[in-house]
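Structure first, commentary second.
Naming follows writing order (A, B, C and D), and every chain is counted from residue 1.
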C-alpha cells in the first residue's frame, strides 16, 4: 500500500523524525485556514502518488493565506499524469541549506533492508546512483541484529554528510529504520532530507510503502486505505479481493494464479490478440470469486471476447463452472466466452458447462487452443 | 529418483484440523505420502482420517519421528509455525500459507539460512515426486513419474507445464513450487543445485516470471555450476508494468526484472526459453532426444 | 541489583502482567490508610530480600484496616534472617484456586534466556525440580529471534497448566519475556503465579534482579537503588564503587581484581589465617580507590593485620603506593600492614613505600610470603 | 609458536584517542605488535604515536588490511563497536571494556557464534604471545617466551601465575585472558582446543574461579579431546557465597559452581589442581619434567 506524502509525514512524526508543521486540506478555504494556523510562508503541495508533481505545477509557495487559498484552488482538481488531485498538504516553508537523500528499502534480492544515504539529494538521485555511485552510500542490515550506531556513522561519513548535520542525520536514519520495522514498510524514502539554514535536519518529503500483507496488524493505517485515483474497475476488483489491472486490448482474461494469468496474456498476444486486462481470481478461487471477477470484466465494454483459463489446485473446476453459470445468468452476458478447465475436478467442471451453459460459451481442451479461439472470436466481434 | 520428498518422507501437518489442512493432509495421505502426524494446539488426542493430532510440533516429532512439516496455518500465525517447525528439528518445512507479512519472513529467513534446514515456500503449492509422495496442494493427476525436474515460482503455471510434459509422455522426478513471495525459503538456485546432484534427474525445467532478479542469478548459476541441462519458461511479457518502489526501487532494480531481460540473461548463458507452455514441453522433448 | 517484591510488581504492572492492587507503607498508620483505599481483605507483606518471610511471620492476612495496622506494627522492624523490615506491601487478598511457578533466568551456561513453568508452584519449586523434574517445563530461547507464541504453548502444555488458564498464562510468559529483555533483567520469577477462583491469572509474588551494568540506561530504576539491609561497611564500599564483602576473620585483605583477591583469601587460609573480608579495589585501581578501600577496611575493628596484594596491569603500583601513604596519613592507622606490589611500575611503587612509609608497613616480595607474614602479624596482635 | 596473536597480527584499536586506548595502543606497539590503525569517529586523518586514525573500522581495514581489532570504547557503546568489528571482517576481536550490559553481550554472542570470527572478552586483559606481540593491557614484563599456554578468567591472577612461571624459568607460548563476564566470546574450551592444536604449546595452565560451570565443562573436554597436558588452578575456596538467583538460579546451578566442585571435577578427569599460584608453577615444572 502506497501512502500519500501527508500520511507518510504523519507516520514520520510518530517515529520522532522531524517534519515541517502541516495540515491536509481538501478545499481552498481549508487551505487558507491551515495557512493561517501554521503562520508565515507555507508550501501548498498536491497529494498524488506519482513523481514529477513539482514540474507539473503541483507545488507552490505561498507568502500568506490569500496566496495559499489561490494556489490550492489551482492545484485541487489538477490532473497530474492521470492522477487527479483531491487533497493538498499545507506546510511551513523551510529555508534549505542542503538537500540529502535517505531511504530504506526491503531488498528482495538480498533479503535484507537496504539503507541508502547521499549528500546529493533532490530530484536527481537516480542520476546520481547511475553516474556518481560513490556519492550514494549503501548498506544492508542484518534483520536479526538490526540497525546499529556504527551503520549510521559509516553511512554519514561515506555519503559526505556535512559534519554539522551528522548527528541529526544518523538519528533520522535510526528512527527511519525503527519505523521501517515497526510499521512493516517495504519502502521509506526521504527526498530531500534537508539541512536548514539554521542547522536543523528535516524530512521535506515522505514516500512510504507498507506491506499489504501487514496492514491488518496496523489499525492506525485503516484510514489510509482509501485511494482516489483508481480506475473504477480496478477499485471494484480491489474492494472484492481480486487482482485486476486494465490493459488496452479486447480479449478479456480471467485466470487463477498470477503466473498462469501472465502466461495467458502472453499466449493471447502470441496468437495475435490483445489482452484487455490482467485478472487473477486467486489461487483458491471459489464460485463467488468467479462471479465477482466476471462482473468486473464485463463492466468494461471494450471487451469483445472472454477467455476463462483455470487450472485447479486448491481451486476446484466444478466450483468455477458453477460460478460462471451463476454470473452469466445474473449478468446476462452474450459475448463469446472460451473456457478451458484443467486440474482438480476438471471433468465435473467440463460436464457442468457442457450440460447447462448457454450457447455463447465454448469449451477448449488446451490453453493454446483456447487462446487462439478467443482471439478469433474477438476479431469476429470487432 | 527425486529430491526433497520421497518414500522416506514422514510428514507432520501443522494446522491439520482446519478446513484446508484436513482436506490436503487427507489427499496427501491418499496419494501415498507417509502422513504421520498433525498439529493443532489444544487438540492432542484427536485424529484426522486416522492421522494422530498433537498439541505441538515437538511432541509430534518425538512421538512419530516426522522429518518433514507442512504449514497450513493462517498468515499471522505462520511465522510462529515455521519457527516451531525449525525448533522441532525436521529437515524440510513446506509452507503453503499465502499472505504472510514480509518482515516476518525476513526474520524467519535470516534465522533459517544460518542452520541446516530447508524451507520451501511460503505461498507455494508444495513439492511432489510423482508416484512416490506429495507434500502440498498440487493436483496430483497432472503429474507422471519420470526423469525431468521442474521448479517454479508460480503454482498454476507449475500444473500447466507439468501437464504439458505429461501429455507428451515426459514424466517428472520432482516438481517444486518455490512460491512467489518477496522472501521464500528456497531460491531457484537452491533447487537447481539439488536437481543437479540428483542422479535420477536428466533435465530441469525452470519456470520464472517477471519481477526480482532470481532468474538472472539462476542463469549465471546454471552456466557456472550445472551439468544437468535446463530449459526455461518466463511468464509476463504482456504483463502491466509493476509499480516502482520509489527512487530506491529503481536504483536497486536497474533494468533487470522484465520478462525480456530474464529471457536474454538465460539465453546468453545457453538456456533455451520457450515462448509458451506447450513449446517448453517441446523443447524438453527435443533436448532429451 | 535485586528488587523488592513491591518494586518488581510495579515493573510487572508496567509490562501488563496482572498483579493485585497494592501500596507500600513504612508506618502502621500508612498501612491502615492503604488498606482503607484498597478495601476488603488485604495481605500485609514484609519487604525483605530473603526467602522464608512467610514462615518467619512476615506475611499476614488482615480482614480490615484495623488488622492491617496491627499486622504492620508487628512486621515493621522485624528481623528476618538478618534483614530488618523497613517497608510493608499492602495488597488486595486473592482467592487462590491453583498456584503455578513461572520464571525467566539469564542462563550463563547456555548463554540464552531460560524460561521455566510449572503447575506445581508455591514455595517448594526447588523440591519439584529435584524430585519431579517432568513437572517443571524448561525452554531456552534464541536471543535474536526471541520468545515465540509456540514457546508459550509448549511450556503451558508441558507444565500441565489447567486448560482454562492456558491463554492467560501464555500471555504472562510473553509479557514476562518482553520485560526481561526491555528491563535488562537477569531474573524474573513469579512464585506463585495464581489462578483465582474466578478464573483470573495473577502474579502474587515478584522476584526481579536487574543487571547492574544496565542500571544506567533505566532511569525508572534510579529510585530502586537504595537498600536498607546492608552492613555499614558494605554500604560505604558500594557507595564508593569498590567491591567489599565482610567475613568473620581478622586478616584484612585489599587486592585488585576479583580473581587475585579470591586467591589471596585462599592463600591466607592455607597459611592458617582467617580473612576478615573480600575487598576488590578494581582492575584499574587508582590512588583514590586505595584510600577508599583502606577507609572501609579500617572501620572494621576486628581487623588485626592488613594484607595489600596488588598486581598492576592497568593499575599502576606507584599510584597504589601513593594512595596507601595518603590513607595511612589521613587515617593514622597503626596496625601492621604487609604490602606486596608487582606489575606495572612495581619498582617505583616499592621505592615509595621503602622511602616514605611508616614503620608498621612492611614489604614482601611474593604473594605467598606476604600472606604468611600477615597471618603471623595478626596472631601476634590478637 | 602461539595462538590468536603473533607476528602476522595487524591490529586496529577502536577508541584509540581515548585515555586508555592511546596508552595501551602505544604500549602494544612498543612491545612489537603491528598496530596498523586506530578508530575514533570524526577523527579520521589524525594519528596516535604514528598510528593513523580512521572514522570507521571498515575504513581502517580497507586501508591497512588489519586482521585483529581491540575494543576500548565505553561500556554502552561497546556492543556496537564489536558488531562494527565483526562486519569489518577482522578475524579476531579482543574486547577490554568492563561493564557491558549482559543482554547486549547475549545478542552479540549469539550473532558472533554463527559466524567464523573469534571474540576474546569482554572485561578481559587481552592476549599476549610473549616476545612476539601483545593485544591488550597486560603488564608485559611479567611474561617470557616459552612453550606453556595459559588461559584465565581473571586478569590479575593471570599476571600472578605467569610471573610464578617466569620466575621458575618457564616461558609461555600464549597467555589468554578470556574475561569474567556472564557472557564472553571465547570459553575455556575454545582456547584449550586452540592450544591443543598448537605444535608449540607443550602444556596448558587453566586458571578458573568460582561461579558458572565452565571449568566443569572444560574438565570433560580435556579428558575427551586433548592430548596436551593441563594443570589447573581454581580461586575462591574462601570466597563468600555468591548470591543465589532466586529458585530459578538454584534449579539451574544445582551443586556446581563452588571451588571444591570445580577442583573435584578436574581431578576426576586426571587434571592436577594447584592450591596456590606458586604450587601451580611447581606442578607445571614437575609435569614438564
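What we mean here is this: a contact is a pair of C-beta atoms (placed from the backbone, for glycine too) under 8 Å apart; a residue touches a chain by one contact, two chains touch by 3 or more.
Treat the numbers as computed from the prediction; the structure is a model and nothing was measured.
Asks: Please state whether C-D or A-D has more C-beta contact pairs across its interface.
Replies: Most C-beta pairs in contact, of the two: C-D.
Asks: In whole angstrom, what separates the CA-based centres of chain A and chain B?
Replies: Between these chains, centre-to-centre, one finds 27 Å.
Asks: With chain centres taken as the means of their Cα atoms, state the distance from chain B to chain D in Å.
Replies: A distance of 47 Å separates the two centres.
Asks: Rounded to the nearest whole Å, what is the centre-to-centre distance of chain A and chain D, using the mean of the C-alpha atoms as each centre?
Replies: Inter-chain centre distance comes to 54 Å.
Asks: Show the residues in chain A shared as contacts by 2 or more other chains, in ascending order.
Replies: Touching at least two other chains: 142, 144-145.
Asks: Can you list the residues of chain D that touch 2 or more other chains?
Replies: Each of 107, 111 in chain D touches at least two other chains.
Asks: When you draw the chains as points and link the ones that touch, which shape shows up: line, ring, star, complete, or other?
Replies: other
Asks: Which of the chains touch, listed as pairs?
Replies: Here the touching pairs of chains are A-B, A-C, A-D, B-C, C-D.
Asks: Chain D touches which residues of chain C in the complex?
Replies: Touching chain D: residues 2, 101, 103-109, 111-114, 116, 125-126, 129, 136, 142-144, 181, 184, 186-187, 189, 191, 207, 209, 211, 213-214, 216-217, 245, 247, 255-260, 262-263, 265-270, 275, 278, 283, 311-314, 342-344, 366-368 of chain C.
Asks: In their shared complex, at which residues does chain C touch chain A?
Replies: Where chain C meets chain A, its residues are 144-145.
Asks: Residue numbers of chain C touching chain B in their complex, please.
Replies: 142, 144-145, 148-150, 153-154, 157, 163, 166
Asks: Would you mind writing out the residues of chain B in touch with chain C in their complex?
Replies: Within the complex, chain B contacts chain C at residues 41-42, 44, 55-59, 77, 80-81, 83-84, 87, 107, 111.
Asks: Show which residues of chain B lie in contact with chain A when the two form their complex.
Replies: Chain B residues touching chain A: 20, 75-76, 98-103, 106-107, 109-111, 125, 137-139, 141-142, 152-160, 163, 180, 182-183, 207, 209-210, 212-214, 233, 235-240, 243, 245-252, 259, 275-278.
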